[in-house]
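First chain A sits with chain B, and in the next complex the same chain sits with chain C.
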Partner chain A sequence: MDLTNNLQVLFQGLALGSIYALVALGFVLIIRAANVVNFAQGDFAMVGAYLMVATLGAMMPYWLAFIIAILAMGAFGWLFNVAVYYPLRHRSFLPVLISTLGASIFLQNLVQAIAGAQPRPLPKLLDFDGFLVAGVFLDSQYLAILGCTAICVLFQYFLFEHTLLGKQLQATSQDKDMARLLGIPVALLIALTFIYSAALGGLAGILVAPILFVSIGMGSIIALKAFAATIVGGFGDVKGAIVGGLLIGIVESFAAFHISVPYKDAYAFLMLFFILIFRPQGLFGEKISEKA
Partner chain B sequence: MAFNHFPIRWQALSVGTDVECMQRRRRSIMLLLALPLLMGIVAQDIHAAEPIKIGLVSEITGANAEAGSYTINGTKLAIDMINKNGGVLGRPLELVIEDNQSTNPGTVLAFSKLGGDKNIVAMIGPIRSTQVQAASPAIAKAAIPVMIGGTDPSLTKVNNPWLFRCRPNDSFSSRVVADFGVNTLKLKKWAIVHSTDTFGSGGKKALEDELKALGVTPVLVQGYTNNSQDFTPVVLAIKKSGAEVIGSYMTNSTDLGILAKQLRQLGVSATWIGSATITTDTAIKLAGDALHGTYGIADFSADANDAAKAFAAAYRARYKLEPDVYSGWAYDATHVIAQAIAASKSTRPEDIRKGILGLKDFKGVEGNFNFDESGDGLSGYNVLRNDKGKLVFMKHVEFKR
Partner chain C sequence: MNATDTARSSNSSWHRPRLLGISAALLLVLLPWLGTLSPFVLSILMQAATYGIAVLGMVVVLGYTGQINLGQAAFFGFGAYSVAIGTTVYGLGFWPVLFIGLVIASIVGAALGMTTMRLGGHYLAMITISFQQIFDLVAVNWIDVTHGPDGVAGIGRPAVGGILLSDDRAYLSLCFLVLALMIALVAWLPHTRWGRAMCSIRDNELAAEVVGIPTLSVKIGAFTLCAALGAMGGGLYAAGFSYISPDNFNFSRAIEFLSMVLLGGAQSPFGGVLGTTLLILLPEWLKEMPKSLQFIKDVYLVIYGLAVILIMVFMPQGIWGLLRARFNTRSVMPMPAATLSFDDKDESHAVLLQVSGLSKSFGGLRAVDGLDLVVRRGTIHALIGPNGSGKTTTLNLISGIYRPNSGSMHVEDTDVTRKAPHQRAALGLGRTFQNIRLFSSMSVLENVIIGGQRRGNPIQPGEYALAHRAHAALGFVGLDDKCAELASQLPYGHQRLVEIARSIAGQPKLLLLDEPAAGLNQTEKGELVELLRRLRDEHGLTILLIDHDMRLVERVSDVITVLNFGKKIAEGTPTEVLQDPAVIAAYLGDTRGVS
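Take a look at the complex of A and B:
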């Protein structure tokens, strides 16, 4: 009984952690490419979920609705780049950060004005509820989340390490001026990063919506944990974002089960607290002094 | 309420090319020019009588905006109905809405703002106990009657003479939950699931007391914070406890929907008797068949009495939505204010207060209103059953105060 319960908790923690990881990946990519924390990253998830509601509402089959929603999120990422980041690209960190914060508030109000405030259900990706394996219930949506996250991580690894585009993206994030001198179209690559991050955020939203429902505030809850994950993993580190996300998901699930449920949200931040004291650069992060 | 949309339109204006902006600006200037004209038409329509202003502090944006939209629906329906029948004291009612952003600080701010408008004679406040608690000092300072929907029993026991509860408080709901579970369904192993906010903690305490009076000690008392994304630890704790019945005081419909689905997935088949949230339109839509067969103890039921039936029909016709507690209580609160003004023949806050206290058996959709000195207006609850997604009215339980 206790082993199955613990396995159940592990499974849920892993799945929620994957969602944090997906959103955290979006954070990290934009931090690396544009040197800015995108506070609207959580709202990308919200917008993605609402787009999915809209495409499904247009009587499309699920897979087509899914693809169109993700593509639309890509277009949305480009728009976001043009409207929120690009005009401020020569300014310091802070104006851009405030700009993304403003975009976040604007997006929440815009979506509420268009779609209304009622939360909505979204059907699951797979057409069955889940399996019962040795007393542990494996929700099909959680399985889909784990699968999609694994695919995204692999895709991203391949992209960054084994393609020219990936190398150019890495060069851009490390030193924009040098990259520009070498003939890399920096502005285009940053736009690409926003497009990819938005699609990733939208995917996270669509994946988590069948469980958390589609609501205006759904993104903010996830983004806060995902942001903690990027710091735990190492600010701006891709591997760190994934490990940090999974770690936070698992730690908060186990702590909630074994210690206390009402303090569930506290554990993620308690972990953040200890990381900041004992390893401020995060699990995989480099020390700032090395980077300079 | 055109002004609700204004801020959003203005934001949208700032995006776009210069030419577009200019075109839009020209259009909006024309609109502005046309405004006095439109207002003139409206003023003629209501026979030039000066309106009586009623304030509404509700959740237009933020986590509970969905509930707020139902509350605004219910209030507007009541206001339009009253105005259609000649208004109050020959004057129309005018609604002034202020958003509280679903937060406590937002609520305090909203009350301070509306309290500054000396033409507002009475207000309808939030349905969240925690928000009422936060705003109570600001309400005392504004010194006008405020109708509240928060059901934590302690809210009306803080010597604030301006709070009037237009819903029965949770000392009654917990009595019905306990009595229905223990005496009607004959279930003795209880698990209590509650939000850790003011409403949930108040409800938990009241339910524990009522169960104790019936000789039952719960096998599990489990709290959680609002907007928890995962209820697996809660569900596993219920499973472990072997409870045969769950009594719940949950605040948000989304949380309730997630818990309902996870209870079913993890194979918990305990009977569920929930506070009013389990009967809201949103919860029923979100959770779907995961809520079939559950019971709800709610102050609002569309079939409880004639007033409720009439309200439900009007509400469905106008909004194409199912009426629920969020809309029902606000509808009642508006009528209580109107009745009190009419009875006291005055719009002075002190007179309206006396008018409210003087109401005898005013028939609202949530029951018959009789306000006691502390400001509690109702003392009855309905027992409802979710029958394949349709709420079936079982009985109304009225208590003596």
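Take a look at the complex of A and C:
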């Protein structure tokens, strides 16, 4: 019984962690490409979920609504790049960071002004409830989350390691000036990164919405866990973002189950402080010092 | 106008702001008693005064030190809950519990700073947000102590001179008095060593560390002060409104504090208070709008978010910054002409810097590979070598920016191998940078003063001696007439000289110059050679320099060390070294001679 319960908690933790990992992944990609910590990353998930509510509301079949919502998120990512990042690209990190915070306030309140404060439900991706395996209930939405995350991680691995575009993205993240000299269209690649990362965020929002409901604030708390995931995993490290996200999902689920539910959201942050004190570069991070 | 007149008139212009400030503060304290203010207006003013104090903390941390704090509402909350719980549950007086709140907030602030500050800005943003969220969770859920979402009511007010300030006007006067005092404190800060250190970190953290500012401690100090100011505002807020609940201290409030300081102008306490006032009044003005514009009230926060982006893009210095740029009057206290002198003159040619077996790898690349180097007092020692031979890495190792993989470094008898850059500066290591690193938003004089305020600089204590030393250093490089200008507005060649002046203001024993002639024209190079020789011959200063200009190196140096692939391939007088076949081969790309 106890083992079954723990397995159930582990399963939920993994699914939740996948959502954090997806958002963290988008977050890390933007850090790497543009050296920007995007505080509106969670709101990408929120906007994505609301777009899905809108497209479904327009009587589209689920698959079409899904595709249109993801494409619209891509367009949104481009817009975000142009409005929030691009004008500040030559300034230090602080103005850009604050600008993304402004974007976060703007987006949350704009969506609230349009869609109202009432949380909305969103149907599951798959048309059945789930399986019961050895006493552990595998909810279909949790399975969908795990599946989609796996596909995204594989896709991204292939993109970065085995395509020219991926190499150019890596070059851009390592040294923008040098990349520019080599004829790599840096501004375009950064725009692409924002597009891809917004689509990833939107996907995370659509996936998590059937569990959490679609609400204005849904993104903020996911984003904070995703931030924690990137630090736990190693700042700016792709592998770290995935592992960190999963780890936080699991720790959080177990702590909520065994210790206390009201403080569920605090465990990720406690883990964050713990990591910062004992291993500040994160699980996979390297120490980097500034060049003189 | 003769000299004394000039001195007197600049002296009075020096004192005018102080008089203006004192009268403004008096006016502020008397404001609640001028005319009859409705309870509503009084509460708006009370909000503005208490928020204003918390926003002053943001001025210190964001505006002066260039660090972010997205958890100021939590520090505000520490003060508020201390006063709330202390006066209601424990029946303590206002002042002792406010003090306890300040202490708690300071300790928490310092602890946050110590764990995060060495990791850089991004981390601080995330950690302060996380901290803010945890505070919110605890305030809502720890019902035994905080009363949870119901909040705490019946919070007590302070007594001054035995009289309880239950009258709102009297209490508001007290709030304004505290606000005025805190504005004065924050306005005075940039004129102190500590405040200048903060601003130098904001402008260029690496340079600040290298010229001797203990950047980590200063950042933690700034963060602690910010937390304390937050708690002070919060404590006054709680007593003022006699009721608090967790939603007064959540993340939205923290963002509000941030927006206030950004809108008004983060680099000045007046900007911070201006921004606070505007953002508190704005919703009230919107309520007064005609019906046709009432929709603005509903999308108020949308505009708010948009405004933050627009301020960042178009008005990074805030409203106060714009005003100040328009009415810019930079004045410098007049000072008698000064000549440079070094206390530490030593003709012995003893060993000053000894580097042994120094190695540094980046991944698989051995940038510096077992280097031995001895620099003797009173000499100009040049480090040359082809591109990528490890010269700048060596300099970075000596000044402590990089940690070596192996080897040791001694300055006189002190082992500095494990010391931080600012500790090395305190031992008398000065340096300049290849790509100039000045404190660009500060005046030329301030830049040089910061160089002079390193620990261990053998000058008289006090601001006067410091300014005097800075003028002398500027005079030595011939730029004293530019002392009031902004460092970033000087032409390139002058900026290089300001960097040198900044170093010599600190009376270094050893001056490290990283390509001092880069980007200079022939005349300027000639002047540089002259300057370096005078530093050595008149002041006995020891210099270790890197440069690519062989003619300059040949003319100025006593000893040349040649590096290639991180190893020393030759050393000696200029004539010996520049005729060495190995050196010629290294420069012309023939590796046969090097083996």
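Everything below uses one rule, namely that the second predicted complex is superposed on the first by the 289 of 292 C-alpha atoms of A that agree within 3 Å, B and C clash if a C-alpha of one lies under 4 Å from a C-alpha of the other, contacts with A are read in each partner's own complex, and residues count from 1 in each chain.
The rule is short, and it goes like this: a contact is a pair of C-beta atoms (placed from the backbone, for glycine too) under 8 Å apart; a residue touches a chain by one contact, two chains touch by 3 or more.
Just so you know, these numbers come straight off a predicted model, no measurement behind them.
Chemist: Would you mind checking whether chain B and chain C clash or fit side by side on chain A after the superposition?
Modeler: Overlaying the two complexes on chain A (C-alpha atoms) leaves chain C and chain B clashing.
Chemist: Of the two partner chains, chain B (first) and chain C (second), which one does A:104 touch, if any: first, second, both, or neither?
Modeler: In the superposition, A:104 contacts chain C only.
Chemist: Go through the superposed model and pick first if A:113 touches only chain B, second if only chain C, both, or neither.
Modeler: A:113: touches chain B and chain C.
Chemist: One more residue to check, A:253. First (chain B), second (chain C), both or neither?
Modeler: first
Chemist: Scan A:273 for contacts with chain B and chain C and give back first, second, both or neither.
Modeler: second
Chemist: Quick check for you: in the superposed arrangement, does A:215 touch first (chain B), second (chain C), both or neither?
Modeler: In the superposition, A:215 touches chain B alone.
Chemist: Of the two partner chains, chain B (first) and chain C (second), which one does A:185 touch, if any: first, second, both, or neither?
Modeler: After superposing on A, A:185 lies clear of both chain B and chain C.
Chemist: For A:8, decide between first (touching chain B), second (touching chain C), both and neither.
Modeler: In the superposed model, A:8 contacts chain B only, not chain C.
Chemist: In the superposed arrangement, does A:130 touch chain B (first), chain C (second), both or neither?
Modeler: first
Chemist: Tell me the contact category for A:39 with respect to chain B and chain C: first, second, both or neither.
Modeler: Touch status of A:39: second partner only.
Chemist: Once the two structures are fitted together, what part of chain A is touched by chain B and by chain C alike?
Modeler: Common to the two interfaces on chain A: residues 83, 106, 108-110, 113, 262, 265.
Chemist: Using the touch definition up top, name the residues of chain B that touch chain A in the complex.
Modeler: So the residues of chain B in touch with chain A come to 5, 7-8, 11-12, 15, 61-63, 65-66, 68-69, 196, 222-225, 227-230, 232-234, 236-237, 239-240, 253-254, 257-258, 261, 265-267, 282, 285-286, 288.
Chemist: Contact residues on chain A for chain B in the complex?
Modeler: That would be residues 1, 5, 8-9, 12, 16, 83, 106, 108-110, 112-113, 116-121, 129-130, 137, 139, 211-213, 215-217, 221-222, 253, 256-257, 261-262, 264-265 of chain A.
Chemist: Sort out for me which residues of chain C touch chain A in the complex.
Modeler: 66, 68, 70, 115-116, 118-119, 121-123, 125-127, 129-131, 133-134, 137-138, 141, 206, 210, 251, 255, 258, 262, 298-299, 301-302, 304-309, 311-313, 316, 392, 395-396, 399, 401-402, 433-434, 514
Chemist: Where on chain A is chain C touching in the complex?
Modeler: Listed in rising order, the residues of chain A that touch chain C are 31, 37, 39, 83-84, 87-88, 91, 93-99, 101-110, 113, 220, 224, 227-228, 231, 235, 262-263, 265-266, 268-270, 272-273, 276-277, 280, 289-290, 292.
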